[in-house]
Structure formats: C-alpha cells, structure tokens
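Structures for review follow.
What follows is a pair of complexes built around chain A, which joins chain B in one and chain C in the other.
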Partner chain A sequence: MLRRPTSPSASNSSSSSSTVAAMDAKSASRDAALPSGFQDDTDAATAEATYKLPPPEAPETIRTRSWVIASFWIVAIFLGLPLWHATTTIYRAPLPMQEMQNWSEGKLCKTEFPLLVEVEAPSLPEAESLLKTVQHALDDANDFAAHKPHHLRLRLAAKEAKAAPEDPKAEKGENVACLLRLLPDSRNGFNHTVHSSSRTVDIHYPPPSSSSQSSISAGLAKFVAEILEVLFWQEQELIEHLLLPQTSNPGSLNALSSPTADEARDKKTPPARPRALTADINRRMSRVVKYSPSYHLTFSLFTATSLPASWDIESAISQYLTPLLSALSPISNFTISTQVQYYASISSSVTPTFDEQLNAWTLKKEDLSSFINSAEWPLASISNDPNLNFILYIPHPSMTPLVIPSASRSDSFLLPQWGGVTILNLDHNPASHLSHATLKPAMETFATHLLALLGAPPHPASLPIRLDSLTRQRSAEVLVSASSTLGSLQRLVNALPSISIPATVSTSVRDSIRHLSLACEELRKGSFVKALEMGRVAQEEAEKAFFERTMVAQVYFPDEHKLAVYLPLLGPVSVPLVLGIFREVKRVLAERKASRAAS
Partner chain B sequence: MKLSAWGGLAVLSTLLSAPTCLAHSQHTSNWAVLVSTSRFWFNYRHLANVLSMYRTVKRLGIPDSQIILMLSDDVACNPRNTFPGTVYNNADRAIDLYGDNIEVDYRGYEVTVENFIRLLTDRVPPDTPRSKRLLTDDRSNIFIYMTGHGGNEFLKFQDAEEISAFDIADAFQQMFEKKRYNEMLFMIDTCQANTMYSKFYSPNILATGSSELDQSSYSHHADNDVGVAVIDRYTYFNLEYLETHVKNASSKHTLADLFNSYDPVKIASTPGIRTDLFQRDLKEVLITDFLGNVQSVEVDGDGMRLDEDLLSLARGAGYNISEAEWKEAMRGTREFYEASTSDSGERSTAESRTWAGPARVYKDGETDFWRTVMSAGAVAVCFVGYWLMSMVDKS
Partner chain C sequence: MDRRCILVIAAGVLLRLVLFTAFPSLPTTLAQRVEVSTPVTSYKRLQEGVYLYTHGVSPYDGGVFHQAPLLLSLFSILPSSAIVTNILYVLADLFSAISLVKIASSGVATATPQHISPRKGNSWPPWATAAAFLFNPFSIATCIARPTIVFTNCIVLHAIAAAVQGRRAPAFVSLAMASYLSLYPILLFPSLLLLTYDCSRANPKPSIQAFSAVTTVLFSTVLIIYFKLSHLLTGSWEFVASTYGVHLLLPDLTPNVGLWWYFFIEMFDSFRAFFLCLFQLHLLIYVPGICLRLRKQPLFALITLVGISSIFKSYPAVGDTGLYLSLLALYNHIFPTMRYTFFLTAAILYATFLGPAFYYLWVYAGSGNANFFYAITLVWSIVNALIVADALYAVLRDEHETERPELIGKDVVQI
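What follows is the complex of A and B.
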C-alpha cells in the first residue's frame, strides 16, 4: 500500500515503514471509507515531519524553467495565434463600397440622351427663326418635366449639302437622330410622313400666302414641336420607366428608404403624365427579354401529321429575316437553329371548338396559354444564350382551318419572353414541301414578334428610328442592370460577413465601374452604340463579380459549434500554459515578499 | 379554418386584400426545384414524395428544362427493390413514378448542401450544363419542394451534412438581391418542418411546412411487397387535393383552397403556412401560378399593338388628317389622361407598397447575450476542472 508516491524513501526505509504501520492501525477505520491518497490534516502533518524535503532548487533550474515557460508562451503568441488567425480568417478583398452604392442609387450618372434633329427647309425663308421657336417650345416642355432624360437639339441642315456630299458624312459622328424635311404642300393642311426605311420625316405645310406669313410660321413651329414629341414620346416613357427603379432602390431592406423613393418618384412624374400608361408600359416591359449580347433563335416546324416533310427555311430566313438581323447586329448577335417535328400534337388540355359561323376550328385565349406542349415538344435549348422560340404549327387536316378569332392579322400569338407561334392552315392535301413563298407571311409575323420581344418600340413607322430607339433603351437597361448588380453585391457583402471575397471580384467591380462611367460619358456625347458596348462590358463584369463561384456563404456555424470545435483542442493546451505562468508569478511574488521581510 | 392558429392567416388575408391592383401575378415563366435529401433504402418514401411532386408539376405543364430534380438516392435500382426500375407512391402500385420520361438533374452524391446553395444562387462552375442551372429572372415564379429528415432549423442531406434554416434564408435573400424570382412557394415535408422557413426574411416568399416545432412528420402507409413506407402524410394529402381538384393547367383553384384542405388530424401533425412575406391574397393566388406553367399570351391585335397611339400610327402610315382634326383628337386624349390622373394619388400609394418586413430575425440581442454567458461559463467550468485536478496533483 503506497500512500505517498512522491516520497521515494517510503518503501525502503524500515523505520519509516513501521511508523506507517502504526499510523495505519490508528486510522484503519477511516481509511476504509476514504480513497487511498486522502488523509486528514493531522496525518499529513505527522507525515510531513517524518519526510525529507527535496533539496532547494538551484537558481539555474528556476531560470531554465522560466525560460521554458516563456518560450512556450512566445511560441503560442507569436507563432500560434498568427497561424490560427491566418488559417481561419476569410479573405475579403477591399471593394469600393461607397462608389458601388452611389452607382446603384444612380447618383454618379445623370443619364441623358441628347438627340440631334436636323431640319432641311429648302423653301422656307426664315428657317432659323422657326427653329429657334421650336427649340424654345421643346426646352419649355423639358423644363416643365424636369427630369426628362431626352434633350432634343435642332440644327439646320448644311445648306450646301448637295454641293458637298462629303460634308454630312464627316459629321455623321454626331449621329443625327432624325431628319425633318419641311416641304410646302398646297393640297392638304399640315401633315407628316415617316419614311419607313430611313430616318427622314417629311413635314408638309400649306405654302405661305403672302397675307398670313407670320401665322403660318407660328403654326408650323407648333406642329413641328408636336411631331417631335410624338416621335420620341413612347421611347421617353419607356426609358424613364427603366431609370426609375434605379433611384427607388427596391432591393433595399431599409424601410426608411421607401418613402424617400416615393417622393422622388412623385417629383419625377410630371403632373400631366398619363398615369394610365404605367400599367401599359409595365406590360410591354414584361414582354421584353433581358438584354444579352447574343440570342439563339430556334425555328421549329411542328406538324400534326407527316406532311409537310420539309420546308424552305434556310432561304426564307436569308430572304426575310437576315436583313433585319443584320440591322440589329450592333445591338445583339443571333445564332439560328431549325427543326422539324412530325406527329406533334398540341397538349391534351387544349380542345379547339368548331365554329359554324366561321366554318373553322377556333382556339380560345385560355387555350393559347397552354398551347405549347412542353412535355413532348423538344424545345429545350442547349445554348447558353437566351433562347427565343418561333413555332410554325400545322394542324391536322381534320382540324383545318384552325383559327384564333381574337387575332386580327394572322393566326399567331406571342408568348412574352419566350417566343412566337403561328398557325399555318394548309388545304386538305398538303404538299410535302413548304416553299418559301408559303413561309413568307409566317416569317413576317416572326420578324414582328422578334422586334416586339427585343423591345423595339412599335411606334414610329421608320425602322431606323425604331432601332436607334432600341439602342438607347438597351443602353439604359444595361446601365441600370449593371449598377443595380453592383448595389446588390455591396449589400450582400455587408449582410454576409462569413462570405469570402476573392481578388478577382475586386478587379471585376473596378472594371465594371470604369466602364459604367465610360458608358455614361458616351451617352452624354450622344454616341449610343458605343455607350451600349461599354455598358455591356460593365454589365458582364458586374455579373461576373456577383456570380463568383467561390463566394458561396459558409454553411452557417452557430457559436456553440465553434466552442465545441475549439474547446477539446485548446483546453488541454492552454491549461498547463496558464497554470505554469500562474505558479511562476506566485513564486516570484513569494520571493519578493520574502526578500522584503528579510530587509 | 380548421385551426385556431390559422386565424392569423385570415387576418392577413383581409389586410392584404386591400391593394388588389397588385394581385395579378406578373410572372412569365415557372420553375420548380424538387429536392429529396435522404439516402438509403428505408427512406424510399422521400424519393417517392419528390417524384410524385415531379409528376404533378410536369402534368400541369412545367417543362423538364424548367424543373430541377434532385434525387439523393437511386431506390429504383436498389437491389432490395422487389420491383426493379420502379418507384411507387401507393400500395396499389397504379402509377410508376419512375416511368419512361423522367429527367434527373442532380443524382446521388451530387445532392449536397453546397450544390443546392450553388443552384439557388447560380454560383456554379462555368462548365455547368443548362439543365443543372436555375436560370430564372425577376419574372419567374419558383416552386421549391424539399423532403428528408430534419429537426429544429435543419434538414439533413445524405445522412452526412445538414442545411440550416439560416443558410436557406440567406440564399433566398441573395436570390432576391439579384432579382432571381418574382414569387416563390416553399414547401417542405420533414420533421419540425415549420422551423425551416421561420428564418426567411426576403419578400414575396410563401412558405408551408408539414409540422411544427417538436412535432414529427409521419409516413402515410407502407407497401408490404416493397417492404417500406411509400409516402409521407403531408405530401399524400397535398397530392390527393392536386389530383382530385387540379385536373389541368387551366384550373382555377387557389392556394387558399389547398391550404384549407389540410386536416391536422389526418396529417397527424400541424401544417404551417407563412404569409407575412407574401403580398398577394391567397384567395387570388392560383395553384398553377406555382405548380403549373401558364404562359401569358399576347394575341396579335389585342396585345401587340394596343399600346400604340393609333392616330399617329395612322398618320405615320400616310393617312392625312388636317391639323384641326388632329388637335381635336389630341385634346380628347389629353382629357382622358387628365381624368385618369385624378386617381393617381391612391394608385401611387398602392403601387409604392414596398416590403418592410422584419430584419434578420436571429440576430436577437438577448439570445446572443445568453449564448455568450453560456459559452464563457463552459470555458470557466473547464478551467476550474483542470485547476482542481492539478491542485490535487500538486498536493
């Protein structure tokens, strides 16, 4: 029975072993209850008196021990802690947070669309004064509606345009938005004609009779101003609508920001603004696909039988669609694929009804919404670009003609953000091949659908003006989208402290901001295609930053989990360290006390 | 209302029915994310749950390209399956859910917490195929269905890791920030399911779950030949309603109808519904707004050219109208516009109803304080323990 394992003499000295035996006899009854190693004070005192104390420690031993403790602490503090910190901190690259926020709030770029309108008035004597009047009227209208992004600027076309045809080309850098030609016309009153294939608008006015020279020119000025308003009105509404959410900041969780946004919205809305149109614009915006630098177009022929077996789609596309696509190419690129699917049935929930009056099978509007048989029609795209589907459906001969009574022009309908469908009714013995003459009406409908899906305003009849307007609209869209993505990223970084931010995100953000300001500059200069290009880069970079794949938030760790991970590791390590330094301090204090007592 | 706790739903519905001009759904596409998270043969029912939902959304018209199906195990090909290559959700074995037209996007060990979060936030590697991505935008309605084994604020994935309610809430907030959804329906069938949606804080999310805190969700019945339970109760009664009432995509049944059909006695747990983040009245939300694919349609003639100023189009097309006539016509439209602006005041207040819900719920000061105290206490106890031991050692 070994009581004091610390005393080496206990087992081999006979005298002490006898004392132990005597002691045992004395306290046997208590020892039975107590675990070995526990003794009461009197026993301890007697035992201490009998044991030999260890020799006092040598000063070097004490010094060595202090050094050992100190070195452990030094390693722990200067190596362990930094190592622990370096391996557990989440790297967060610095981001220009304030700038990102400013962009998302639309503070840094006052979007402007200066439009240059040239006026050609070969037979009007005081054209300049007329222009001044019109400009005044337009400026007044602009002042009235303080925040209109468009600024129309009139300029008299160079008089010697015919003499030196090089001149206007040299000035093309300035991007004439439209050319007004003032022509006297005695037959009718005031009227205007939009050339559908150029930016020219002819304005006819009654030739001035010598008596009422001034009144005619006043009337003409007013008319010109109104025409300009009408030409760009739809686009203005759209762009204003696009720019609004930028300031109202819908993503903000801060409830305080919403009333101020409302104020801004109210301020921005001119009092005479046709409010009923907001819903209309909303609806039109919901149709438009998101901007992308390239789209994939899929043309599908779905026929309910095995006929027609083929179609002249290639020549039809090159003849009817390619001109439009090349006109759109400064805005987006297009890739095209086509397919033919036989025995394609419309989905089972669609049941056409036979209309005796029309002598035709009719589709109701509810039917149209589930017309696409997505379970069976192979319409999934493998392209990474947004896909637009154009479907030519040929119904079964027993169900021909299949018509949509609510459609006015052709039996076609448009699915917002998705594509268009045209029903082609053939006679009862269809040919096995669809010639491209047969395809012409369908292709024209598809072209209309495509323009509508891309967001070209339907209003002025002139295609170049519509495309210009689409360019402006898209550049506004990419600007808004890029800056709102920056804002989202900024809020995200603030909200999720556990997310890591690699350096690539930081460079992308800076790139995006740089291109945003470039785009803004180009807009102010009036070169919208360049602005769109810059905006596109800005948007791409912003998206790249936001969707950085390493930025997935760490799976949520509650504090209890962290404690549970660290305690078994750090507890056993830190207790000897802490106790060691504690003992050392106690010893030093005791020494000091002793030395003070001695002196 | 079968339950007193659902009184809140009624109150909310009446509160939210005021801005009805917003009630019409604005979405143009429907997406579904269907996730089963458990592994092993005896969890057959979770895969059957998710495949039943897959069948339903497909039946109601969502194309495979817009369904992300995550199947955590392959029970159909499990050697213990008496009917190889099939999965049934009922003992009558009427419908083979694993039939010929099924597209699994994430399978087996691909179903992980990380992949799920990456899918939601679209932070995927650049070579990810289109079928494995959730390519939604601000006009997409998303239906998210999850099933598996869970507990208070967590759901187990693959019997190896777990996703917490906070993770899902944060992922949804990121989706909201990037405008990746218009509205979302979150449905979860697991034990203590209602805790999983308690941490959401992003707007326009409607959530429903099978059971309350401290309640289990039970299976409905077992198939003796398959040898395991084949479906969970909550999913079973959801499906029963959908199969008997929502026959096709043009169904007019609303989510309020579906939620009212829940019977806690039959389900054997208390299903929950969270509507405070959602802005529309449930009585106006069609089931097919989430579970179906109803595309809005614009027919030539009423949609395409309705918004045009017909007069100027006519003028553009070359019809000549005298100035007087033109002005007369313009005056008419002005008056119309001015008349319509008179009610713009209330309209703008209705339109501007932005979401102002609670901020992050779990950053609660009090709980944090107690958490700190407890942590400190635990550390202190450990130290005292070590100290005592070393004292004994020394003496």
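What follows is the complex of A and C.
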C-alpha cells in the first residue's frame, strides 16, 4: 500500500491512457497555475514534438477508480431507484367502479314513488269494489306507460282516520299522499274541491238512485281515477323529466358525456311525448334555483322617493311567510334579511310609457329583465347560501300607477333563479309607514314566487300536496345529481390513469353510495323526507369526491411533462455517471483484447 | 502552542468582543440576515424556543423552533443577559481556533502514513491557520449573529482535533453531538473514521473492520444517549420531527444562500417528495466516492465533504462556508497548484457584496424580485463548488506528483 515518493514507477513506454501529462520544457519554469489554454501556439507545437507516453496506471489506481464509480452507482441504484419508485408512484385508492357506473346508469335503484291514497266513503256501501275498479284503471294506465315512476295505491281509510279526517299526517305518518272523501251531493253532479291547507280532496257525486247503482259506481270510479291523474300528472311529468339521464336540465354535473347516456335517453324518451309539455317543464325548471339545504331570503323595499320611510316587514313575514317557511323546513332552511333603500331609481334603460287606455304607466315586457338596477341597488349577498331576492318597489308618485300590461293587469313578476319583484302603487300622498295590511298582497305574491323559485308545482291547490310533491321532486333531483356525479367521477378516473385518488375520495364515494341506497330504500318505503335527507348527504359526498383538490391538480399533468421535470436536473447529473461506467467498460474490453493478443 | 498562536487567538477574541460592545445593534442586525441565520440555526428562534420552554409550553408546537433540545436546556440554564451569551459564542470561536491550531500542529494535512506531500515545506505555521479562521469575515459575521451553527462548527473542529491525535472516544462523542445538533455532520462519519484509524497510535493496530465496528457502536450509543436525554428534557419525541424533519423535508422556505428554497417554491407538489429524496441523496452520493478516492488523505476527504454539504445542504449559511474555508487553510501548501485562485477570490467577493444588495432590492426596495437573490445564491454556490473542485484537483495533483516527481511544475492537459 505504501508508496514512497522516492521510488516512482517511471517507465515511459506503455500504451493506453486517457490523460497525458504534456511536458513542455519552456513552460516548466512558469507558474503551474496557468491554465492550459494560455499556452501560445509555438509552445504547443514544440509540446507536440516532445510527447512522451505516460506510464501505465498502477493496478491500485484502477481498482480505486472502479470502486469509486461503483460506489456512485450503488447509491443511485440501491437508494435512488427505490426512493424514486416510492415517491412518484401515484396512489390510487380502490373505488367501487362497477357500482358507480351502475348508479350512474340507474341500474341499482328503480326510482319509484309509491303514493298511498286513502279513500273515505262513509255513505257508499260497496266502496271496496269501487276502489278495486279505480286501482285497476290506474294500474292499467301505469302498465301502458311502464316508465312512470309513480305508483298510486288506494286504501280504504281506517275507522280512526274517519274520526279525525283533518289530521291524517299525525296518525299515518307521511305515507298518505292524499285523502279522498267521497261525499254524495245531489245538486251539482260530479265535481271535486281541493282543500288548500290539508291533503283532503272532497269528491262530490250525485247520490245513487236505486235503479242505476252499478252505473253510478262505474261513473264514479272513472271520475276518481281522472281526479287522481289530474292531481299528480304535473309532478309525474316533472319527475319523469328529471329521471331521464342527463337531459338539458341546468346545473347538470355531467362533465364527460358518455354515448351510453345519450343512447339510454333516446331509448327511454317516449316518441309520443308532446313537445309543448317538455318545453313547459323546461321553462319551469329553468326558473328553479339549484337545490341547497338552506337559502337566504332578502326582502328589500325600494322606494323612488323618501316615502314610505318604514315598513312592518317583521310582523308581515312572521304572519304571512313563516308558516310557509316552517312547512318547507323538511326540504330547506331559510334565513331572512331585510333592507330599505330610499330614492332608488330603476335602471336608466327602462322608461315606463303612459298608456291612455289603462290610465297607467306601463312597463314593456322586454324591460322587465333589466328592471333591477344592479349597479345602484345593494343586492349582493353576504351569505354563503344561495340568495333569493324579493323586492317591493314603490314608484315615484308622478309615475303611479305603474303596471305591467299583460292579460291580467299585474304588478309583479318573477326573475328566474333570482327572485321576485312586486310593484306597489300607493296613492299620491303616501303614508310614511307601510302597514302590515298594505303588505299583505305583496307578501302573498312573494310566497307564490318563493314556491315557484323552489320548484313546487303550481297545481293542485292544496299546499301540503304541493310540498309533498316538491319533496319528491327534490329527492329525485339529488338522487340523479349524486348518481351522475359518481358516474362522471368513474369516467374521469378511467379516462385519466395518471391522476391520484386519495383515500378521502374513496371514503366519500363509499359514503355517497351507501346513502344513495338508503335513500332509494326510503323512497320505496314512501318516506320521502328521509329519502331527501339521505339523498342530500349522498350528493354532498359525491361532489366532495369529484372536486377533491389534489385530484384536480393532477388532471393537468400528463406524462409527457414528466420529461421536463426529470431531465433538467437528472440529465446533467447522470452524464458523468454514465460516461464513467462507459469508460470503465471500454478499458476492460481493451485490456481483454490486449491480453488475448498477448497470449 | 507558541506565543504567536496565543497572540493571534487573543486578537481574534478581542476583535469579537470589541464588535459586540462597540456596535450593540450589530448582533440583532446580523441575526436577521438570511445569509447568516437560517430557520434551523437562528438565534431569534432559539430565544423564542427558550422562552416557550421555560414557560412550560412545548417549544416545538408552533412550528417556529427547529433546534435540538439540549441547546434549549443549555440556554435556559444560562442567565439571560446578552453579555453572557456573547461571551459563550466568543468562547466557542476560541475553542474552534484552538482546535484548528491542534490540527495544524499535528501536520496531518501534509503527511499521513500513506502520503507525504512534496510541498510539505511550504505549509503555513499553525497560527496562520488560526488566523484564517479568526479573521475570516464569514466566521466573524457568524459569531456576531449568534446562530447555533457556531456550536456545531466548534464541535466538528473539536472532533477533527481529537481524531488527528488518534483519540477515538472524544472524536466520535463530539461528532455524535454535532450530528445531533444539525444532522449533516453525520456525513463526515466515514472520513472521520478513516482519519482516526490512520492517526491512532494503538499498538498493534486493530484491523480496519474491527476498528470501524467498534466506532460505529460507540457513535450510535452516544447518539442514542443524546436522544434519550432530549426525550427526558422535553417529555416527548416531537422534537425529532421538528428538528431533523425540518432538515430533511424543508417545510420552511425562507430564502437562504442555498439552492433548495427557490427550487422547492417552484416545485410541483406531486414531485416534491421525489426531489427532496433526490437532493438528500445527492449529498450522500459523494461520501463513499470521496472517501475511497482520498483514502490516502482522509482529512482532506473530510474537508471536501464539509465543503460539499455547505453547498448542498437544506439550510446552508455563510457560517458553513466559513468553516470550510478555515479548514481549507490547513491545505495551504497546495494553493499554488490551484488553477483559478484569482477568479474564485474575485467571484466570492462579488457574490458576498451583491447578495445583500440584491436581497435588499427584492425584499425592501421592491424593485427586484426573488430571481435577483436566487441568481446571486447560484453564483455563490457555483463559486463554492468550484473552490471544492479546484482544491480537489490541487490535492490530487499533489498526490500524483508524489508518484511522478518529475512532473512537478508541468501543466496538465486532458487529451
């Protein structure tokens, strides 16, 4: 191992080496720190003439060099490669892909809405057989159109229900969709009245004469079936429309539309479906705000002058609106704020014209959309929930009365997905305070607007039935939305193998699927409020999974970009490593050749 | 230690004391310079940690303090007066200088059992080496700014001084302490092992395998004791993640003179883990190669590794470069063989003056951006890398000339 400087192995006669010490007699006296490039040409020429071949490298030096190269490679291979693998492998949590697809295609849950209709017929002897006939007629209609999600089931009211027909909800739970009361009425023949505050529908029929007992009951059966059709057709059409996979309903999350969904739609859409009806539903749906578990309502009084200076909004809300809001509470919650704005002018682009015939100022229909002066009216919401605005506008006395000319001289209009506006025309010297009674018609209009904005069907007159209908409609909506989000996620994950799937996405998806099936079960049982609750959770979880931040970040990082990430650093680093091993291999090969030649 | 050494050391200590007393605001100003204090060494953060520690709050909770628990207990015992602290830092530098004198006096730089430099006669006397450390502006600035790297440097120098005297136990107890304080000195373990082995005067000499096995056991036992002690002091293991985790994972992207901060600000999140591993591995990859190639001069292998880690570690500061340059002064006999001394001196001055200027432009004046400062840290790192490479070249040439003395004074050309 020991090598004394006094005993150099100086033999200048061998062959191969990559570095050569060029001896230059003239530069020997020079500072050795001078870089080689500083030599002038004549020196170089003489240097070339006096080349001496260097001595062979000592085997010890060669061994050291091999070891050094090997040590670099050993670290790179045995530490670098495993670390590279461990840190760049994309974690993809397992997802129930097949299940997600099935949900998005609607295979797992046949959305049904079993509606229980109770019939009360105190004075009809063979009510049972009547019900059977009606049920038969309804079933026939359902069979004819197999895609209809509703299932009406008739039941004769129990004895207790008869005792307290006003309050069926308390006894039967939420399962009773409506209560039919068959009452004989000799004066008017067949007709029906819908109670506006309960689920009861009174059906009047002419009392049977003893001779034509069967014909009466046949006529009655037909009439009852018709009534039921009328009661539920609007909702039925709407839900059917919602359940069709991804039609043009707004807010659809179907990011990657797949051909299968289109096919399914083509297949399912009944060709005979009236175009006008679809258009009507679309029009109605386009008004409806996106579903949210809570909304913020803003009531604003905008007056063109300084009067009226105040309004009795609190008591008006508590009297006219709170009952409705509490009835809506199973579907959504509401928070309310109010404001008053004086000297509020309508947008400058809107100029009412005076109509001699009506003796009133009129707003043109096309002006209504730009009526809101969004530049000056402080209507920005501070709440995180979707905001619905209700505006009570009091025009300038010189422009009173201000009306919207339509079939009926109306003074209110609805702005789709935004809110409602009511124009209140006061007499020429307005009071400084708007009383509670003055506000009543406006509040009623706002209530109607609110129901329309939330998507409650305008028909029938009974509020409980309409709210039930809204619940069903919303649960269908969240189910469809959650399933389609799951489907989109599934397609996304399939389409982009390079995105990572964190464990949170997997749990969210599983949660969503669990709640979807729970919701489906609840639907089948007929408890729609619970179904809505479950569906809401399912939708939230599905969206949480779909919009996971870390996953989205990876979407825009294709494989080709990795080259740009690795190469700038690893390229230069690997050049000496690769060259080192290349030279070493070359040397070994040359040595072998030399030894073969020698032998 | 001769009279000149004592004079030089006294002058160095005096200079520091004068700077501390004559410019009372200087320590605070320097302590805020990103070039001198890093998140893992900063004196300000140490004070914060000590405050929390003495008030019974875990200092590692807030994500501000990233230094070892034993430092905490040291500073919580000390009376909290600036003078005592300043004297402590001056003492640390004093011990560093004494260690350097010991290393220089041992003559290991010029003559190891396997190699004797033909330029042996050119080397400076020990006091000059001490002076190179004590009057190095980087060392002075580091001492005044009081980052805890001063202690790490002092302990590393002490470990080397013990190693060149062949005293294994003190060398490795010190190296374990240095690794415990700031992690990266652990990379010096193999070279220090070789140095201790070469200098040990045990008779008969044990085989290198047996020697390294015993040393490894000793080193890890001491390290475990330090960890256990820290655990006892803080009552939990959270200091591990908060000190070594920060060195390894770089959560704090405060600018410094190193190459990491800018790179990891720009890094895609998904590749962060990979490039962290790559950067750490890059430090590690030099260790076996350099130890193998410089087997005849383990002290220089150690110095080169100090230089490499001062460039490529996660939170470097000028204090690391100061340590490297002071150690390099031990090899002054090879300076004439270095090729780019003028260029390197000029470039290091350039980076030293432009660095603070560009930082000012970026952070205070707002007329520059992060790229200004990053560009100058790149220059700084390149200069340091060139110094390391040039010194390595010079030592290898020196080694080559012991084998081929007829080549002394000739130019080397690669063909």
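As a working rule, the second predicted complex is superposed on the first by the 424 of 599 C-alpha atoms of A that agree within 3 Å, B and C clash if a C-alpha of one lies under 4 Å from a C-alpha of the other, contacts with A are read in each partner's own complex, and residues count from 1 in each chain.
The definition used in the following text is that a contact is a pair of C-beta atoms (placed from the backbone, for glycine too) under 8 Å apart; a residue touches a chain by one contact, two chains touch by 3 or more.
Just so we're clear, the structure is a prediction, and the values are computed from it rather than from any experiment.
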First, second, both or neither for A:62, with chain B first and chain C second: neither
Which superposed partner A:75 touches (first chain B, second chain C, both, neither): second
Of chain C and chain B, partner touching more chain A residues: B
Chain B versus chain C as contact partner of A:372, first or second or both or neither: first
Chain B versus chain C as contact partner of A:415, first or second or both or neither: first
Contacts of A:500 with chain B and chain C, given as first, second, both or neither: second
Partner chain in contact with A:445 - chain B first, chain C second, else both or neither: first
Contacts of A:84 with chain B and chain C, given as first, second, both or neither: second
Overlap of chain C and chain B interfaces on chain A (superposed complexes): 553
Residue numbers on chain A that touch chain C, as the complex places them: 1-3, 5, 8-10, 18-24, 27-36, 39, 55, 58, 64, 67-68, 71-72, 74-76, 79-80, 83-84, 87-88, 90, 500, 550, 553-554, 557, 565, 569-570, 573
Complex contacts: residues of chain A adjacent to chain B: 188-194, 219, 223, 226, 230, 233-234, 250-251, 253, 255, 258, 261-262, 265-266, 271-278, 280-284, 286-287, 290, 347-349, 365-366, 368-372, 374-375, 379-384, 404, 406-410, 412-418, 445, 448, 452, 458-461, 484-485, 488, 491-492, 495-496, 546-549, 551-553, 555-556, 559-560, 563, 567, 571, 575, 578-579
Residue ranges of chain C in contact with chain A within the complex: 113-114, 116, 118, 268-271, 273-278, 281-282, 284-285, 288-289, 292-293, 295, 336-341, 401-407, 409-415
Touching residues (chain side chain B, partner chain A) in the complex: 26, 28-29, 58, 61-65, 101, 113-114, 117-118, 121-126, 129-131, 137, 139, 161, 163-164, 166-167, 170-171, 173-174, 176-179, 201, 248-250, 293-309, 312-313, 315-318, 320-324, 326, 330, 334, 336-338, 340-341, 343-344, 347-348, 351-352, 354, 356, 359-360, 371-372, 375, 378-379, 382-383, 386-387, 390
